[in-house]
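After the structure tokens below, expect a handful of questions from me.
Chain naming follows the written order as A, B, C and D, and within any one chain the residues start at number 1.
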Amino acid sequence: MAFEKMIHDAFEESRNNSRLGDTTDEINEIKEYIKNAKKIYVPNKNGIKVKVLNEVLNKYGLPEAEILQINTSTADTSRIPALAKAYMALDQSDADLIIARGRLGIPGSGSLLIFIDNKGRILTCGTSPSHPIHKKSLEQAVYEEACEALEKIGFDKRLKK
Amino acid sequence: MAFEKMIHDAFEESRNNSRLGDTTDEINEIKEYIKNAKKIYVPNKNGIKVKVLNEVLNKYGLPEAEILQINTSTADTSRIPALAKAYMALDQSDADLIIARGRLGIPGSGSLLIFIDNKGRILTCGTSPSHPIHKKSLEQAVYEEACEALEKIGFDKRLKK
Amino acid sequence: MAFEKMIHDAFEESRNNSRLGDTTDEINEIKEYIKNAKKIYVPNKNGIKVKVLNEVLNKYGLPEAEILQINTSTADTSRIPALAKAYMALDQSDADLIIARGRLGIPGSGSLLIFIDNKGRILTCGTSPSHPIHKKSLEQAVYEEACEALEKIGFDKRLKK
Amino acid sequence: MAFEKMIHDAFEESRNNSRLGDTTDEINEIKEYIKNAKKIYVPNKNGIKVKVLNEVLNKYGLPEAEILQINTSTADTSRIPALAKAYMALDQSDADLIIARGRLGIPGSGSLLIFIDNKGRILTCGTSPSHPIHKKSLEQAVYEEACEALEKIGFDKRLKK
């Protein structure tokens, strides 16, 4: 119940106006959660994203993800399609970590790759501009977003665990 | 009613499985919306973020933002504090563009700076790791997030309109 | 900008712990908004719900709604399908009032009929149990939910404006 | 993992346009979940609501709830304050069932009492108009909302389990 206590404490700090920003302990809790995840799912129709994500997870010494084959195209009608995909995976599986990628907001807003925990809480993210702006391959974009998400919370591929 | 038609069309493409990703036209609609915004608000208690944001908006030839003085500290109890702040501004003002910055997700997840329109739709964003990771000043972090958000949708400071 | 001020004031009261609950003035603002709505849309594939809703709106002396023909079946993958339908209509039209009906939560949780304004804020609602519990026709269920939603904010069919 | 499979199956039916509405099996799953809940929390500052809720739960032969003492007043700045309170409890505890009560939407929209599961999914709800409309005591309003929520999914106080 580590996150529950951490969220409770941060909330009390905010209420008392004594919150000074995220702490190293909080970041470490997120890292521990990801390192210890037993069921990591990536909601997707095909396996391309999962292949790239596993390449990245491996580089950082993290456990592998599995594909969760659900049709996520309906998520595009949501306000935050990437988050809608993550919640679809959360609601239809027993994952303790979900990595989902989709549009950030309205068409043209680019893409968002997010990590959520077993209650749907956001742990980290990576983003890319739309394809007409970055002109990268899907594989390259997913690769960079995943690295961004992991480095943002202090993972370092040179230190592979 | 440009976004309404654009969202409707993109949605139909998704339903028919003919959607190929964001288009240049969609990105241009977002740019036009931001260029033509009349009331740009930044929900905040003090003026630091607004000063930095206006520096950035100016560099890209965009109209200035104003501070919307509301206490947004309660947003920290939300799942996506940055978005909660943006919605607080949306619900309490007549803004047509809101730029809000706050935590991305749980404590430790870093920060998110988002642009939303007059209906609460996400147009673009920039993100930073938590302070213990990036070690930048608040000003520097806000500056870089705002540049990221604008360049993500094709604004270019060398071309200043 | 009536709601904006009202929301701002209520929020300040909550922060100061001086909020005593909803006021008659607030309820009247909601009634005025609904009475003066110019574009009332009901997202739906077919016209049955709209016919029943207009019967109800008419009984309370309120303006008529129009159907907004969009496929809302993808909303069923959302956490609150009724709200997802309402937002789909908000994002794809210039409505100033949207009346949407869909599932409340997970399968089995029954139905929710909600009224949202031009920014997506919830004004009122009516609910029904699932069909296996209430055994009413769709028409009857929609009729009763709409009456519940309107009477909840003080409309009275005997006083027809 | 009963809800996960149920949600997955209902979602597939929706996608294939073969969904005919909620089923008795789905309603029974919700009832079983509530009957078997081990940690039922009610986020609240004081104990009044919990006392009334336990009176109701007892009448229907259901396990008792406990108070989760967190300050939920910040939830009033959310779009759906009742749901925001429920999520605050979810994020700060190890509850498997949360019963939260708060405002439905904007000030004046009345109140909503919701039951959510350990992932934040809505199971059932009860609603009341604002106090100036119904003029009931807080205790009476909470009592009736809780009965509505339970009877909506087929609980019957005459059959006490």
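Rule of thumb we're sticking to: a contact is a pair of C-beta atoms (placed from the backbone, for glycine too) under 8 Å apart; a residue touches a chain by one contact, two chains touch by 3 or more.
What you see is a predicted model; the values in this text were computed from it and never measured.
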Pair joined by the larger number of C-beta contacts - A-D, A-C: A-D
Intercentroid distance (Cα basis), chain C paired with chain A, Å: 34
Distance between chain centroids, defined by C-alpha means - chain C, chain D (Å): 20
Between chain A and chain D, centroid-to-centroid distance (C-alpha), Å: 29
Residue list for chain A, restricted to those that touch at least two other chains: 3, 7, 11, 15, 74, 77, 79, 88, 91, 106, 120-121
Touch-based graph of the chains, sorted into line, ring, star, complete or other: complete
Chain B-touching residues of chain D, taken from the complex the two chains share: 74-75, 77-79, 84, 87-88, 91, 106
Chain D to chain A touching residues, read off their complex: 1, 3-4, 7-8, 11, 15, 70-71, 74, 88, 90-94, 118-121
Of chain A, residues touching chain B in the complex: 3, 6-7, 10-11, 14-15, 17, 19, 21-24, 26-30, 73-74, 76-77, 79-80, 103-110, 112, 116-117, 120-125, 127-133, 151-154
